[in-house]
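Input: one structure, supplied below.
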Amino acid sequence: MLAVVITVAPLGFSNSYYYDVAVNAMFNAIVCVGLNLLIGYAGQISLGHAGFFALGAYGSALLTASWGLPPIAAMLISATVVGLLAFVVGRPILKLKGHYLAMATLGIGIIIHIVLKTEAKITGGPDGMSVDNFSLLGFTVMGDRMWYWVVGILLILTVWLALNLIDSPVGRALRAVHGSEVGAEVVGVDTSSYKVLVFVVSAVFASMVGSLFAHKNGFITPDIGSFMHSVELVVMVVLGGMASVFGALIGAVILTLLPQFLAVVEQYEAMILGAIMMGTMIFLPKGLLPSIVSAFKRREGGQ
Amino acid sequence: MFAAFLQYLFSGLTSGAIYALAGLGFAIIYNSSHVINFAQGEFIMIGGMATATMVAAGLPLPLAIALSMLASMMVGVALEKFAIEPARNSDVVTIIIITIGASIFLRGAAQILWDKEFHSLPAFSGETPIGVFGATLMPQSLWVFGVSGAVIVALWWFFNRTMFGKAMLGTSHNRLAAQLVGVGVKKVLLASFALSALLGAVGGVVVTPITFTNYEAGIMLGLKGFSAAVLGGLGNGGGAIVGGLIVGIAEALASGYLSSAYKDAIAFIIILFVLFFMPNGLFGKRGTDRV
Amino acid sequence: MSLLKVESLSKEFGGVHAIENLTFSVEPGDIHSIIGPNGAGKTTLFNLITGVYTPSAGRVLFQDRLVSGMKPYELAALGMSRTFQNLQIFFNMKAIENVMVGHHLHLDRRFLSSLLRLPKMRRADHECRDFCAGLMEFVGLAKYLDADAASMPYGALKRLEIARALAAKPRMLLLDEPAAGLNATESREIDEVIKKVASTGVTVVLVEHDMKMVMGISDYITALDYGRKLAEGTPAEVRANPEVVAAYLGAHA
């Protein structure tokens, strides 16, 4: 169904600006599907994932620009490094619970952001740096339309992988960690390893999308790693619906499109965004998609 | 050598005092409701901005301060009433997002109500630096120390010597028991938000002559206050004060001796180290999970 | 050879001895009950045996292997499985998925096969589902095969935990008050389930307040009071022990 939507949607796109917004929405959707494995399924919060996203972006930018590596290699190396970093910090951090975990992940995100902002000699500092096009085997991805199809395929692939994972022994173990850690432990689930695993996986997702984002945009600034961007990612997951692959996807799309609509009421944008965040969480604490689905179920059940 | 150290110490204590007030704000709300209020920094911003604009409009400083505190407390109460209370039984992530939503909302409102510029206040008692062993201390820093100290003493008195304060503490230890002996939990919640907002506003007012303020000033102050509270151990008032001072001093020393660019990172580096080894902060209770 | 040996085991919480110098052993194939008044340290003992707590002193041997200090998931791999007095159900999952998590150790747990859902894994998952459905029927939960765990009544959840623990194919199953909060009928049904489990060769260690049940199904009983062993023996012996009568049965009579 997702494939159909992605194929049909461009019929309504009258110019390349639409493609641009759609690509960004899909970028966010991929990150959120990964992040949702951590937050929605395994029940562990992270307020620092924009840091991993930014590391992927800067990793690709630096490796292609200064070392002349091909983009695909730069992307994979960055993702590996981010994965290792997530593994190293993940072990001690994921022993923490609730607010302490929120604090620790938030700290990691902020530290990454500050490093990117400060090491101006390498990263260009707050002024940002430019990045070349993405090319593979002599084929260059250029223009919003081409990016749209490439990212669309990647999104479908991501959703497929995520759906596979959730309905598998590993996925069930992850969800069990959310349900009851001790309950999972006594039937043989090594909960700390699984938490680290999903933390690493979601960080790698963020890093790879960061890399692609850098190539697509051609220019990056440290603010893609800011606390606010981490918050946005979490909001997308929670708004759309925790523990729902399509919920995360829908959340990402809505929250990417929202500023486009709010641009009309420019100066009220922040207030409206804040109000939407509060309102959804108060009235639909399970997120949009699960709430709608259960409303439908109730209706059918009633008849 | 010593003079420089002293200078850093003074500046660290000044910001540390503000972090401590913010940390206390987190602790008070956490104690009564187990909510981490990410909008705590916005109370500081509101206190500073409101006072600055009212003074600029010609109001006498004491009146402007009193009105700002009142305004901040009203925002705190409204936040509890309309955003936290309807979501009382939600999980941690949900409430985190609600309070972050509130902070974005308040920043947006501040940006419309005021503007995006930096605002300042005149120092309360002049700008003639006081020399102390070769270092200089601004009179406003003394105000910060004095007011923070007074607030802490007042809070201690409130929680240990007044009926309502004791009731609030009781609620934090055991909500059900408190309810059984007739403590109004709803009232306690409202009071904790009002009190935290007041603390924030006080901090915002006394520090504005030193640091200036704008609509975004609350973000970092709030996060540092959160670090202070976590460092001390969530829900531990004394811990939050110590945590705030540690963060402030470490930050000032690091920016003096190491690199000023990494000043803002210090708080988070400390907190990560502490949490690696002490998952409940410095003075937090170690819980054993009951199964 | 005893399946489980507990040797001079102690656990203190902030100076309070929850378990003090406790020694006993469990023979394979037995239904072995641990009884004692509230606060006697029964649940703490379970937590020590299954690795949820680490002992302050003493040792636990399982199949003649020193296991104290090991993590619960490692003990599960050695053949130990348990249920909880305070339910530890995965409420975010379906009932049958709860049981399938129990079968975790016997499945392909490699990340890549899960991610790609290779045909082999899909087949194995299918078999797992059938096996777990069988276990649910075994404990009397046939009508909850498609239910969400969150929508099930308390009594059913207690059985669900037993099914989940059985899915791990344990050699020893520890049940912490399986009949607590159940009505008489449900309690009798649980009783039957425990006997059925024991008849398949699984050793059962049982903490239970329902004395009728304990006396009826146990092969051996260890009585605790204030973390210490008060008495042990067959149900008849324990029932006749004056200290037990005074400390426990007496208090209730």
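Labels A, B and C are assigned to the chains in the order they are written; within every chain, residues are numbered from 1.
Please note the rule applied: a contact is a pair of C-beta atoms (placed from the backbone, for glycine too) under 8 Å apart; a residue touches a chain by one contact, two chains touch by 3 or more.
Predicted model, so just to flag it, every value in this text is computed and none were measured.
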item: Core chain by centroid distance, with centroids computed from Cα atoms only; value: A
item: Chain separated most widely from subunit B, comparing mean CA positions; value: C
item: Where subunit A and subunit B are represented by their mean Cα positions, the distance between them in whole Å; value: 31
item: Where subunit A and subunit C are represented by their mean Cα positions, the distance between them in whole Å; value: 41
item: CA centroid of subunit B to CA centroid of subunit C, Å; value: 48
item: Shared interface positions of subunit C, touching two or more other chains; value: 52, 84, 88
item: Residue numbers of subunit B (touch at least two other chains); value: 289, 291
item: Multi-partner residues of subunit A (each touching 2 or more other chains); value: 182
item: Contact footprint of subunit A on subunit B as seen in their complex; value: 30, 36, 83, 86-87, 90, 92-98, 100-109, 111-112, 219, 223, 226-227, 230, 234, 259, 261-262, 264-265, 267-269, 271-272, 275-276, 279-281, 289, 291
item: Subunit B-touching residues of subunit A, taken from the complex the two chains share; value: 39, 45, 47, 89, 92-93, 95-96, 98-100, 102-104, 106-108, 110-111, 114-115, 117-118, 182, 227, 231, 234-235, 238, 242, 267-278, 281-282, 285
item: Contact footprint of subunit A on subunit C as seen in their complex; value: 50-52, 71-73, 75-77, 80-82, 84, 88-93, 97-98, 100-102, 104-105, 107-111, 113-117, 121, 125, 128, 149, 161, 164-165, 167-168
item: Subunit A residues within the subunit C interface of the complex; value: 43, 161, 164-165, 167-173, 175-176, 178-180, 182-191, 197, 243
